[in-house]
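Here it is, the structure in full.
Note that the chains take the letters A, B, C, D, E and F in the order they are written out, and that residue 1 is the start of every chain.
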Amino acid sequence: MQAKTPKDSRTILTDLVLPSETNPLNNLFGGELLARMDRAASIAARRHSRRIVVTASVNHVAFNKAIPLGSVVTVEAAVSRAFKSSMEIFIDVWVEDRESGKRSKANEAIYTFVAVDETGTPINVPELIPETKLESERYEAALRRKQLSLVLAGKLKPSEATELKALFE
Amino acid sequence: MQAKTPKDSRTILTDLVLPSETNPLNNLFGGELLARMDRAASIAARRHSRRIVVTASVNHVAFNKAIPLGSVVTVEAAVSRAFKSSMEIFIDVWVEDRESGKRSKANEAIYTFVAVDETGTPINVPELIPETKLESERYEAALRRKQLSLVLAGKLKPSEATELKALFE
Amino acid sequence: MQAKTPKDSRTILTDLVLPSETNPLNNLFGGELLARMDRAASIAARRHSRRIVVTASVNHVAFNKAIPLGSVVTVEAAVSRAFKSSMEIFIDVWVEDRESGKRSKANEAIYTFVAVDETGTPINVPELIPETKLESERYEAALRRKQLSLVLAGKLKPSEATELKALFE
Amino acid sequence: MQAKTPKDSRTILTDLVLPSETNPLNNLFGGELLARMDRAASIAARRHSRRIVVTASVNHVAFNKAIPLGSVVTVEAAVSRAFKSSMEIFIDVWVEDRESGKRSKANEAIYTFVAVDETGTPINVPELIPETKLESERYEAALRRKQLSLVLAGKLKPSEATELKALFE
Amino acid sequence: MQAKTPKDSRTILTDLVLPSETNPLNNLFGGELLARMDRAASIAARRHSRRIVVTASVNHVAFNKAIPLGSVVTVEAAVSRAFKSSMEIFIDVWVEDRESGKRSKANEAIYTFVAVDETGTPINVPELIPETKLESERYEAALRRKQLSLVLAGKLKPSEATELKALFE
Amino acid sequence: MQAKTPKDSRTILTDLVLPSETNPLNNLFGGELLARMDRAASIAARRHSRRIVVTASVNHVAFNKAIPLGSVVTVEAAVSRAFKSSMEIFIDVWVEDRESGKRSKANEAIYTFVAVDETGTPINVPELIPETKLESERYEAALRRKQLSLVLAGKLKPSEATELKALFE
C-alpha cells in the first residue's frame, strides 16, 4: 500500500447552524457538533484507507467557544497518523463572523477510526507521511496519545511508554 | 464596496449520503440534494455580500447521475456573477468512488440569492471579478441566463436581450 | 397505455412550517421548500406513470414570497405534459393566513421526472390530455420549455426549435 | 361567529413513507403516523377556528393495516363536531398501491383540539354543521364519544350520559 | 412461557424538548410526544414478549399540561395487562422543573401492541402478574377498556361486557 | 448549596436504533451515539446543578461494540465528580438482546459540563458525595483525569499533578 499525506484525506464540511441544532442559550448543541465532526472524520478516514471505517474512540474534544445560531461552521478533518488498522483524525472547527468574514478557531477534536472489511474485521491501512510543520507535530503527538491511552487502559506498562517519559520526568 | 473574486465565496460541503436521505432505488433523493445545494449556495452568497441572503430562484438543475447510499458527496458553490442586489451562484456536485477515490461530476445547478437587510429589503452587493477561464465563461453566461429569465417572465423585450441574439440567429 | 388527465395525478401536500425549517428571518428555508415540492412532484409523476420515478431536472423555481414560521403551506403538483419517458410537473405553492383564512400564491415551480424500471432504465409513460384552459396553457408552454432546454444544452439547433421562434422573432 | 361545514376545514396531506420512518418490518412506524395525523388535524382545527390550537386528546386510533416503505399515504382530516372551545377531528388515512393506483383505507383516528389565545386560555369556536350522511353520522357519534370520555373520567354520571343509554340497554 | 411483572418491562426514556419539536406556543408538539411514547411503549412490549411488536391502537391520550421548550421529559412505559397476543401498555409522562427539580405529571396514555413473528402473524405472549396496588388497578381497568373497545367496535354485545356493567348500572 | 449524590442526577434514556441512525454496516453511527450521550449527560448535569449547562469537553469515548439497527439502547448518565463550576459525567451504554433480554455493556464515555448563568458565565455547583464502591472509584479517577487533562494542556506542571505520580512511577 502506498503511503499518503494528510492532504490526501483532508475533508471540509462547511454548513450552517440551523434552529433545530441549538441549545437553550441559542448556541450549537455539543451533541450536534460531535455528530458533524464524526461524519467529516469518517470521510477523512475513508479517503486515507479506501475502506469501510468505524469510529473507535473520541480521544479528546474541548468546547472552547460557543457557536451561535446562524453561524457558518467549517469542520476540517485530516488523518494525523496511521497505525496498523487504525487512524487518528485531527479535526479543526472554525466559525466565521458574518459581517467581517473573519474566521476564528472554535474547537479541536481527535477521533480514532478503524478500517474494516465487510464482516467488520480490522484490515491494514496505508502509512501516513506528514508534510508541514503542524502535520509533523500532530504526527508525533499522536503516538504519545496512543501510548497514554494504552497506559490508562492498563494495556501498556508506563515504563514501556517511551513517548510519555519526557512528559512526567 | 470592494469587488470580490469567486474564490472569496467558494464553499465546500463534503458529507455522506445517509439512509434517511435515499429513494426507493437507494439513491440520494432529488429533494435532499436540492436542500444541501441551497445551504452551500446561501453560504457562498453570504461570504460575497456579508449580509443576510434569501433564495430568489433556482434557475436550472439537471440530475444527470444517481448518487448511491453511502457515497461521499462534495457540493462546491461560488458566486458566478453579482448584479445589483442579487448574486448568481454556480454549484458543482462531485461524487467519490470509495475504492478508487476517483471523483466524478454528478450535477450542476444554478441558484440566485438576494442580499437583504433585517427588514427583508434588498441591499447592494459587491461586484464580482472572475479570475480563471471557467469563471469568466460562467460570468458571461450568467448575463445570458438573466436576460433569458427576464424575457420568459415578460419583463424584457426579446429585441433588447442583447446577449441572446447570438443564440437564435 | 391509456392517456391520463392532470386531475389523475394531482397531489396535495398541506403541512405546517416547523421551527426546524426556518432561516434567520424566521421564514421557510428555500432548501426545505425545494425538498417538499420534490416529494409532492414525485407522487404526481408516480400517479401518472404507476412506475418508479426519479427527479431529472428542476427547470425553474421563483421564490416570490417569504413563508413565515407557523404558516400552513399547500403544495399542489400535477403532470403538465408527458413526453416519451419524462413528465413535466407543474407545482403551485399556496400559503394561508391563519386569521382570515385567505390563501395566496407563494411560488411556482417546474420539475421534470423520468419513469424507470427496477434497474433504473427509462420506460414509456402514458400521454397527458389537458382539460381546463390553464392546463392547456401549461401543456403548450411545456414544449417550449423542453425545446429551450435542449437548445441551451446544445442538443437542438435553434432553427429546429419550432416553438421558440415566436418568442424571438 | 359563523357556523362552518366539515368541507371548510378538510385538510389533505399526501406524502411518501421515507426510510427513516420505518420499523423493523419495513412498515411506517406507529409513532410517525401519529405525528403526521397530529399535524394534519391541527391544520383542520385551525381552519375551523382561525386560532392557535393545541392537541387536547387522542381518543382512539386503530392501526389496522401496515403501511410499507415507499407507499404514498394520504391523511385526510376534518372537524367532525365543535363544542365550546374544543373540536373533534376525524382523520382518515389512505394508502395507494403504486402499480394499480388503488386507494385503500389504512386507519382511522380521532383527535381533539382546543382553540386558545396567545396566553393559552381556551376561546370559543364556531359551530359545525354537517352536510353529508357520513358527516352527520360522525357528528352524532362525536357527542357519544365526548360523554363516554366524561363518564370514564368521572366527570359525568352515567345516568346523565343521555347518548350512551342506547349502547348499554 | 413464564409470566412476567410490570417491572420486567418498565422502560424509561428521559430526554430534552428540543427547538425542532415545539409548536407556536413554544411547547412540545402533541405529535412529537405521541411518537416518543410510541417508541417507549414498543420497547416495553418487546421486553415483555421478546418478539417483534407493532402498534395496534392508541386507546386514550389526554394532553393535560403543556410541556415547554427546554424541559426535561420522562416517559415511563410498562405493560399493564397481557392478553393472547396483545399487550396494553400504560404510559406516564413526567416533566421536571429545572430550578426546583420538582417532577410533576404531564400526561397519561394507553397504547396497545401486538407481538408478531417475522411474517407479521400474531403470536402468543407471556401472562402479566401485577405486583403493586397501582399495577393491580391498571390491570383490572385494562379488561374494562378492552371490553369497551370491543363493544364500540360492535364485536362484543354490551350484555356480555361483564366488566362494564358496574359502570352503567 | 447542599451536596448531592450520583443517584440524584442519574438519567436513563432508553430508545431504539432507528434506520436513519445507522452506518453502512447497519450499526448505530458513532456520531449519533455521541449526540444521545450528550443529551443524557446534559440532563444529569442539570439535575445536579439546577442550572443551564453547556458541554465543556468529551474526555474519552471508546466504541468497543457495534450496536445493530433495531437494538434497544440504554444510556445511563450520572455526575461522577463536581469541581467548582464543572461536573464530570460518567456514561454507561447498554445494549439489550431482543430474544434473551440479556443486557451487555456497549460503551463508556466521560463528558464534562459547566454550569452557567443566563449570560453564559460559569457559576458554582454543589459538591458530589459518592455512595457506592463504583461511584467512589469513579470519583477518585475523575481527579486523575482532570489533572492529566491540565498537564496535557500545559496548565499544570507534571510535578504538581499529585494524583498522576502513582501512574508513572
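Note that a residue touches a chain if its C-beta (ideal position, glycine included) is under 8 Å from a C-beta of that chain, and two chains touch if they have at least 3 such contacts.
Keep in mind that what you see is a predicted model, and the values were worked out from it rather than measured.
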{"item": "More contacts between chains, C-D or B-D", "value": "C-D"}
{"item": "A-C, D-F or A-F - pair sharing over half of the D-E contact pairs", "value": "A-F"}
{"item": "Centre-of-Cα separation between chain C and chain B, whole angstrom", "value": "20"}
{"item": "Distance between the centres, which are taken as Cα means, of chain F and chain E, whole angstrom", "value": "30"}
{"item": "Chain centre separation (chain C, chain F; CA means) in Å", "value": "49"}
{"item": "CA centroid of chain B to CA centroid of chain F, Å", "value": "43"}
{"item": "Residues of chain E engaged with two or more neighbouring chains", "value": "19-20, 24, 39, 42"}
{"item": "Pairwise chain contacts under the document criterion", "value": "A-B, A-C, A-E, A-F, B-C, B-D, B-F, C-D, C-E, D-E, D-F, E-F"}
{"item": "Contacting residues of chain E [partner chain D, same complex]", "value": "23-25, 27, 29-32, 34-39, 42, 52, 54-63, 66, 109, 111, 116, 120, 148-149, 151-152, 158, 164, 167-169"}
{"item": "Residue ranges of chain E touching chain C (in the complex, touch as defined)", "value": "19-20, 22, 24"}
{"item": "Chain D residues touching chain B - in the complex, by the definition given at the top", "value": "18-20, 69-70"}
{"item": "Parts of chain F lying in touch with chain E, wherever the complex brings them together", "value": "11-16, 39-40, 42-43, 46-47, 50-51, 72, 96, 98-101"}
